[in-house]
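Take a look at the structure set out below.
Letters A, B and C mark the chains as written, and numbering starts fresh at 1 in each.
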Amino acid sequence: MPEKTLAELAEHVGGKVHGEANIVIKSASTLRQAGPDDISFLSNSKYINHLQATKAGAVVVDKEIETSTPLLIADDPYYAFRQIVVLLHGQREHKKAGISAKASIAKTAVLGGDCHIDDFVTVSENAKIGDRCILYPGVFIGRDTQIGDDCILYPNVVVYDKCKVGNRVIIQANATIGEDGFGFATHEGEHHKIPHIGTAIIEDDVEIGACCGIERGTLDETIIGRGSKLGDLVAIGHGTKVGPCSLLVAQVGIAGSTTLGHHCVIGGQVGIVGHINIGNMVKIGAQSGVKNDVPDGKVIFGSPAVDASKAKRAYSLIETLPEMRRSIRRIEKRLEKLENDD
Amino acid sequence: MPEKTLAELAEHVGGKVHGEANIVIKSASTLRQAGPDDISFLSNSKYINHLQATKAGAVVVDKEIETSTPLLIADDPYYAFRQIVVLLHGQREHKKAGISAKASIAKTAVLGGDCHIDDFVTVSENAKIGDRCILYPGVFIGRDTQIGDDCILYPNVVVYDKCKVGNRVIIQANATIGEDGFGFATHEGEHHKIPHIGTAIIEDDVEIGACCGIERGTLDETIIGRGSKLGDLVAIGHGTKVGPCSLLVAQVGIAGSTTLGHHCVIGGQVGIVGHINIGNMVKIGAQSGVKNDVPDGKVIFGSPAVDASKAKRAYSLIETLPEMRRSIRRIEKRLEKLENDD
Amino acid sequence: MPEKTLAELAEHVGGKVHGEANIVIKSASTLRQAGPDDISFLSNSKYINHLQATKAGAVVVDKEIETSTPLLIADDPYYAFRQIVVLLHGQREHKKAGISAKASIAKTAVLGGDCHIDDFVTVSENAKIGDRCILYPGVFIGRDTQIGDDCILYPNVVVYDKCKVGNRVIIQANATIGEDGFGFATHEGEHHKIPHIGTAIIEDDVEIGACCGIERGTLDETIIGRGSKLGDLVAIGHGTKVGPCSLLVAQVGIAGSTTLGHHCVIGGQVGIVGHINIGNMVKIGAQSGVKNDVPDGKVIFGSPAVDASKAKRAYSLIETLPEMRRSIRRIEKRLEKLENDD
């Protein structure tokens, strides 16, 4: 691992040093666990006491702070810190498996250059894998599916047939892409499966968490737009479109045929019904339930979800319902008394 | 793929044509994406403007509508459309893998006729697989487990030992059937695992979504009844019985030893506690929390779930709690004034 | 399977017999399904009518009850029953696979004595597996990961690189341990992946359910503490610490950098935000949403979660909001009348 002086790190991220610029930094750590060779960061002034107590060699911050610890001041300290972690540690290195003899590659499959296809991987008929892809053991790529360049599919990821995965896509272990959606025509009490002739498209630079399920469209496409990131155990319904650069935290569920704009942030365990439109840059608080269209830029919260400026207060008042009810009863008695007195 | 005239399609589904009956239909699509060779459908009059704008060759509807697009009128348009999709496209075709030499089949396992067992599949001791089953790569079938005829198990599905899966069952990728339930006897602060000597039974015509977890019973059976369909990431607790022909949307969780009747519809992310009885034909709205028995035919919603006729209005009023509280305070002041005036 | 007299079972668990002590018990069952060779248990007096109707040979109870069925009276009947199930049935027996020739074991991996590593298992470079571990087909163990003694990893479990799993850990099928967390630095509208240089530690005697996702820490450790048990489809965020002997029911989600104490009980589908502290022996009701620190011993419920003693009543009053609103309107009119009368 490379060592850098604080001055070099500051130059790397376009920041400036406050304090000793020549100290040597070897790795990155949390404020609490960092030692003198480590750099850490403070992104939230709520943890400023952790800064005062840290043994870190240096800390990335967004403005000068009174402290004896050398500081690296950057406009966007979390991004600067991320750049430093990449510089010092790099992303995960993968086994150079080549094309394992224990993988099962269909004759009609096309593999790009410098791919690493590990043991027990299945690449089905007419599937196409781009250059420099890493397929971990147990990955399944269905018939006619296309995977772009520089993708990483962790163990036991399943991508069904006829799906498209873009470039630089990362899919964490045990996630499923392109399975049939929950589509049944109920007739005389029986639920008849609708063939899912649609597909699933995962655009460039998407990351998908462990154990996610991204259904294919019934007739059209399910789309996870460019640069969007999904946490673990997220469920996306058939035909739903998630706009570019949106963030969906763990356990979010979106039913089918819903559209979500770009740069949305959807909190953990949020549920969104099918056939609605969520605009761009919408923020939805954790555990919310969304049943109606949401315009651009809106921040909502609650189940049912309402404007966040109201929601926090409103939901916190549920606790006071017994007291409110008693107040109403008391008021009614006092009223009655007044009315009778009249 | 077969081509059909609209007249032929109408005959196939027992509907009638309004408009040009001789047009040739090659495939099925959505109203928005359809072209002149495609048939589409309108199941909800809310989307009637999509019908007016469609370029589809024909549209399946439930009654005559003023439009220049040829119509196929059917009593149950979604079911008719489904029949047409099956006719034109068929269900997914699977690789004719035969019994792969790269599968691991125990000597004591029994395989039915015309099965396709793909690479990296494990079929354990004394397991029995019926006729015409398709086991995708990475599927695991435990010891003494029985799988019926015509089942499709997608990649990396795990069925534990001693389970029973009926006929025509479909299990989407990365789902788990028959794992040990969440059963521990807590004694002096330690949680002691209870052996799960029960099993899991998946009856005929069930479909189970990706990444579901269906626990086996502790002592008795977990049952997913005939014709029921489970969406993705559904969790079913040990010993729970889901009645025939029920629909459980994605991310539903049902704790152990609960009974659910037939033809229930359970919305996404609903949670149901253990040891209760949910009747037949019960409908539960998305994200509801159910803690008590529910009688047949009831429609409920909310967390806690209440009668749906009340729930929609009641939950929508949470938003008004700050205003209600202010009203009560104002009322109290006015009352006080009146009382003092007296 | 061993047969025991009721007297022998009572001795085994330190209980006493009420009724015929010489009857022979062969297996364990539920009150409803038990026959004369079976022992069952009554842990909740709510089901006492099942006791009266049972055909069980004997029943474990916590006190003498008027019944003709022989009883085994124990202080902690569920634990006693568990001891009996273990005695009569044992835990699951696993295939003695040895080290399968169809597994893929890196040359630098170290395997303990008497391990059973089944087909299609991957053990990566420098991984270390303790003694007597059972790795089912499709399990993946990442580079530099350590697994302790006597662990059972069910099919398709994935443990990423550099993780530590203790002794006697059980991981159910399709669960994922140590995947990258949901960590991105957003800069000029793009979400940049932060290398996850932390790890995940699963301590001794933990059990993890099917399809769980336990993220590794970004910089530090995610820890599932000794003796804790996680149900199916639980999502644990990066850097979160779950204290010893806690119980997390199915579909719980805990965001990153949160700390949970020992002996907590977290109900199904609960969501807990990141960066908070949940004390020891905290109980959180199903579907609750927790946004703030929770002190030791607290029992909370609801979304937002409040003291359980208040919550049950408060949330049940949501249903009455339309009526409360009408009451307030009526009161306002009566007030107005009184004021005008004055």
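Rule of thumb we're sticking to: a residue touches a chain if its C-beta (ideal position, glycine included) is under 8 Å from a C-beta of that chain, and two chains touch if they have at least 3 such contacts.
Remember, predicted model here, so these are calculated numbers, not experimental data.
Counting hops only between chains that touch, chain A reaches chain C in a minimum of 1. Residue numbering shows that chain B and chain C use the same positions for less than half of their mutual interface. Between the CA-based centres of chain B and chain C the separation comes to 25 Å, rounded to the whole angstrom.
Residue positions 120, 138, 156, 174, 211, 233, 251, 269, 303, 315, 318, 320, 324, 328, 331, 335, 338 of chain C each touch two or more of the other chains.
If you check the complex, the residues on chain C that touch chain A are 104, 120, 122, 124-125, 138, 140, 143, 156, 158, 160-161, 174-176, 179-180, 182, 184-187, 189-197, 211-213, 215, 219-220, 233, 235, 237, 239, 251, 253, 255, 269, 271, 273, 289, 302-304, 306, 310-311, 313-315, 317-318, 320, 324, 327-328, 331, 334-335, 338, 341. Across the interface of their complex, chain A is touched by residues 27-30, 32-33, 76, 78-79, 81-82, 85-86, 89-92, 95, 102, 118-120, 136-138, 154-156, 170, 172-174, 205, 207, 209-211, 227, 229, 231-233, 245, 247, 249-251, 263, 268-269, 286-287, 303, 315-316, 318-322, 324-325, 328, 331-332, 335, 338-339, 342 of chain B.
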